[in-house]
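Across the two complexes that follow, chain A remains constant while its partner is chain B and subsequently chain C.
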Partner chain A sequence: MLIDLILILPLTSILLSLLFRWSVVLGATLAFFNLALLIFGIVLAFNIETTGPVTAIDATFYADSLSSFMVIVIGLISFLSSLFSIRFSIKELAKNQSTLLEISRYTLLTQIFIFTMLFAVVSSSVAMIWVAVEATTIATTFLVGFRKNKKALEASWKYIIICSVGVGLAFVGTLFFYFASAHIGGPISSSRPVSLDWTFLIKNSKKLNPQIIKFGFGFILLGYGTKTGLAPMHSWLPDAHSQAPAPVSALMSGVLITVAFYTILRFKAITDIAVGRWFSQDLLIAVGLLSLLLATSLLITQKEIKRMLAYHSIEHMALIALGAAAGSEIAIAAVLLHILGHGLVKAILFIASGEMLITEGSTEIAKLKSLLTHKPLLGGIFGVGLLALLGLPPFSLFTSEFAMMKSEISVGLGWVVGISLVLMAVIFGVVVSHARHILVGESSGRQTLKTSKLSNPIRASRLTTTPLVLGLILSAAIGVVSWPLQTLLLSAAKVISG
Partner chain B sequence: MTVSVGWYVGLGAILFSIGFVGVLIRRNVLIMLMCVELMLNASNLTLVSYARQLKDIGGQVDVFFVLVVAAAEVVVGLAIVVSIFRKRLNATADDISSLKG
Partner chain C sequence: MTTNYFSMTYLFSGTVLVCAIIALWRKDIKAIIYSVAFHGVALGIVGFSEGLSRHDLALVQAGIETFILKGIVFPILIFRIFNRSGGQRDVEPLINTTASMLYTSLFIGIPFFSIGRLPYIASSPQSKLVPIGFATLLVGFYILITRRRIISQIVGLIIFENGISLIAFLLISGLPLLVELGESLDVLLVVIVLRVLAITIQSRIGNVDLAEMKELHD
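Let's look at the complex of A and B:
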């Protein structure tokens, strides 16, 4: 019943945004619906904790603790993003940068985007998960190209081609799993075929042919890894994240890439039993270290905030891949906590950068100076958000990174921790120097004076800053006391680590 | 003579390879899009032939969903290509390269 509600809610939002043109009332209603989604996710988690996994519509949909955790993450980020969407739409219309029709279309596509992600995390069949992940690409391509200028079109072109090829490879991986599974045969009595159901696959994973599963997981990691932003097929990510409107970047970076990683985790669970943990471990370490190295080397040269944040996403996905490589229950729980913490903080930073674009007229690092003196609150949020992203205590990213590294060391991957610490130190230095420039850099020369005079009348909106401050407090709270989450995280991790 | 499942799978593999190589080496944006579509449909052919061989109706039903999203994806891709052509004539993938690093 709850799963039905979780799917009906975004469908209603889609219907509403189809029927009505955008207005503040519609925007507020959609934000409220997304908040309801978050609450339903929490109720679902409690339900599953007491009664076990739930199914809906003849087991077409299936939710265990892991699914409910992802619903909570999606709900939280969607709520933040839809709140800022109101501010974004008002400003777009006021400045005549977009027509009402364009804003209405933008709202509709965003809601479809949220629906497809939810569909992916509550589907029981791995083929349906694939369909949902491909559908996220379709829904977001136009959102990436929202500005319709040269750069935005280029970003959306890269996005759809690279992601389609990647997801196409993931489909081949799914075929391998199907081939292995259909050969052992499902229960004939069941009313619907089950050989592609994740529950069937995990139950019978010992019987699956390990050679076929090895091929399959390779394709899955490469394919869904594309959508996660892992090397070697990461190149769409910085372009798409920097060209999309800020609320969409928040959703893409906050949840879309982790929904793709959620799929990898599901397949990893099957592969670990069928082949042994060493196989997925080796692959994930290779992919993770390569991505981390790439993100570090490219982060150094970035001149624009949103691109910088996008490379940060690659870095964090690499850390998550390395954490998943460790594979123990604690490691997976830390990976999930990192998914939540990264999503929250990244959404906050993208929204803050969207607000900067509104108030300062630019997100280029060179053009932004001494933000802390003329916009103390916005500058403060951005600064604290960056510190949280870099993994400083008390924020939850510190807790999860610490726990991931501890479990990596405990399974004998100390050298991986060593390499990632060195690379993270480089990133730390680069980001701190950028942040110093943006926040306290001296405004010298006539040009900066002129721009700051021009931009000063536009103040950061309370509608934006209040949720962001609350979000940062939440992130710190999760980092310090994780007790309500701990049970959920551990039972969700048990789904993967067995 | 009946056509065994091996032939279908073989055809699927050939089509997939053509598509994959095409995306990598062709520079015309339209052809690249067609190659992606070829990859998806080759995999689809493989899925439906396995499903038929194993008499699994579920796999055969899933093919429809895959077809729908693959078709939707090519429509979106074409729309982007048309917008690119509107901005500049004779675009190849090498010209679409203002975003780097």
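Let's look at the complex of A and C:
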């Protein structure tokens, strides 16, 4: 029943944005629906905690604690993003940068995007998850190309080509899992049931042929890894995240990439039982370290805030991959906490960068100076957000990074922790120097002239800043007080670590 | 009876790969589009004949769907983009054709040596052909990364996806219809999105050479 509601809600949003042109009322309604989604997610989590996994519509949909956790993350980020969408749309219309039709289309596609992500996390069959992840690409391509200028079109072309290839490879991986499940206990026979349902696969995972599964998981990691933004097929991510409108970047960086990683986690659980944990561990470490190295080396040269944040996402996905490599229950719980914490903080920062684009007219690091003096609140949010993202206490990213590294050491992966700490220190240095420039950098003569010319500079909107401040407080609260999240995280981790 | 179906499957799986290689070899865009059309038709026939031989209605349906979609609809869509682009007929690959053909031999050899050795692959005459699907997939991927024209990239992606469909037809007996449907629907949508995007790029930038899109390079 709850799963039905969780799917009907975004469907209603889609219907509403199909029927009505965009207006503030519609925007507010959609934001309210996304808030309801978050609440339903929490109720679902409590339900599953007491009664166990639930199914809906002939077991087409299935939710365990892991799914409910992902619903909560999607609901939270969607809510934040749809709140800022209102502000974004008003400004777009006021400045005549977009027509009402374009804004309406943007709203519709965003809601379809949210629906496809939800569909992915509550589907029972891994094949339907694949269909949903592919659908996210289709829904977001035009959102990435929203600006329709050269850069945006280039980004969306790259995005759809690279992600289609990636997700295609993931389909090949899924086919191999099906092939293995059809050969349980010998050659194919028509009398045995064959299924791609997660519950069937995990129950029979001991009987799956390890060689076929190894092959399949390789493709799964490469394929969904593309969508997660992991190396070697990460190159779409910085372009797409920097060109998309800020609320869409928040959704993509905040949840889309982790929904793809969620799928990898499901397949990892099956692979771990069929082959042994060492196999996925080796692959995840290789992919994680490579991505971390790439993110660090490319982050150094970035001149634009959104691009910098995008490379930061690759870094965090790499950390999550390394945490998942450790594989213990605590490690997976930390990975999930990191998914939540990163999603929240990254969404806040992308939204703040969108607000900067509105108030300052640019997101280029060189053009932004001493933000803290003339926009104390927005600058403050951005600064504190960056500190949270860099993993400083008391924010939840500190807790999760600490727990992930601790469990990596406990399974003998101390060298991985060593390498990642060095690379993270480099990133820390780069980001802090950029942040200092943006927040307290001295204004040059020309800059002062320019600012004084703007006799009535646009002020940051309360509508934007209040939720962001609340979001940061939430992030800190999650980092300090583990209740009631801890129970959910641990039972969700149990789904994966067995 | 069944033997006839197998020979159909063998013949047309081979045709799928050969058409992919022709698309890689030829430089004339019209010839490339025709070979992609024939490629899709052959793929549809593989699905159809496999479905008949296994008495699998879903697979027959998927075969017919593939025939219409990949043999007829996609080529028409690509032709439309081609006509809008003002008929530049030749593609200029980044790597010359001779070298590409050499690589192609690797694309065919590697799958036979790696996937051909997986357990159960040799257990049925159909799944023995799975490496052909992988070879097609690799040829498509190669076209995708070495060509810079919008049309060539779409062609590369379609060949890549067709390779995956061939693997699905041969590897799996009776993939659930819902999945089959979802897959082809997704591919159709991707191609439509690509078409719209291509037209937007053409009208906004007036350039179909993606090599000149370098604004976002790190």
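Operating definition for what follows: the second predicted complex is superposed on the first by the 480 of 498 C-alpha atoms of A that agree within 3 Å, B and C clash if a C-alpha of one lies under 4 Å from a C-alpha of the other, contacts with A are read in each partner's own complex, and residues count from 1 in each chain.
Please note the rule applied: a contact is a pair of C-beta atoms (placed from the backbone, for glycine too) under 8 Å apart; a residue touches a chain by one contact, two chains touch by 3 or more.
The model shown is predicted, which means the values in this text are computed figures rather than measured ones.
Superposition of the two structures on chain A leads chain B and chain C into a clash. By the touch criterion stated above, A:I348 is placed in contact with neither chain B nor chain C. In the superposition on chain A, contact of A:A135 is made with both chain B and chain C.
In the superposition on chain A, A:A325 makes contact with neither chain B nor chain C.
Legend: residue contacts after superposition of the two complexes on their common chain; A:Y178 is shown touching both chain B and chain C. In the superposed model, A:N209 lies in contact with chain C only, and not with chain B.
Of the two partner chains, chain B and chain C are each touched by A:G168.
Once the two complexes are overlaid on the shared chain, A:V416 sits clear of chain B and of chain C alike. In the superposition on chain A, chain A positions 125, 127-128, 130-131, 134-135, 137-138, 141-142, 145, 148, 150-151, 153-158, 160-161, 164-165, 168, 171-172, 175, 178-179, 182-183, 196, 238-239, 242-243, 298, 301 are in contact with chain B in one complex as well as with chain C in the other.
For chain B in complex with chain A, the residues that touch the partner chain are 16, 19-20, 23, 29, 32-33, 36, 39-40, 43, 46-47, 50-51, 54, 56-59, 61-62, 65-66, 68-70, 72-73, 76-77, 79-81, 83-84, 87, 96-99, 101. Chain A makes touch with chain B in their complex at residues 125, 127-128, 130-131, 134-135, 137-138, 141-142, 145, 148, 150-151, 153-158, 160-161, 164-165, 168, 171-172, 175, 178-179, 182-183, 185-186, 192-196, 238-239, 242-243, 298, 301-302. Contact residues on chain C toward chain A in their complex (touch as defined above): 115, 118-120, 123-124, 127, 137, 141, 144, 150, 153, 157, 160-161, 164, 167-168, 171-173, 175-176, 178-179, 182-183, 186, 189-190, 193-194, 196-197, 200-201, 204-205, 210, 213, 215-216, 218. Within the complex, the chain A residues that touch chain C are 125, 127-128, 130-131, 134-135, 137-138, 141-142, 145, 148-151, 153-158, 160-161, 164-165, 168, 171-172, 175-176, 178-179, 182-183, 187-188, 196, 209, 211-212, 215, 238-239, 242-243, 298, 301.
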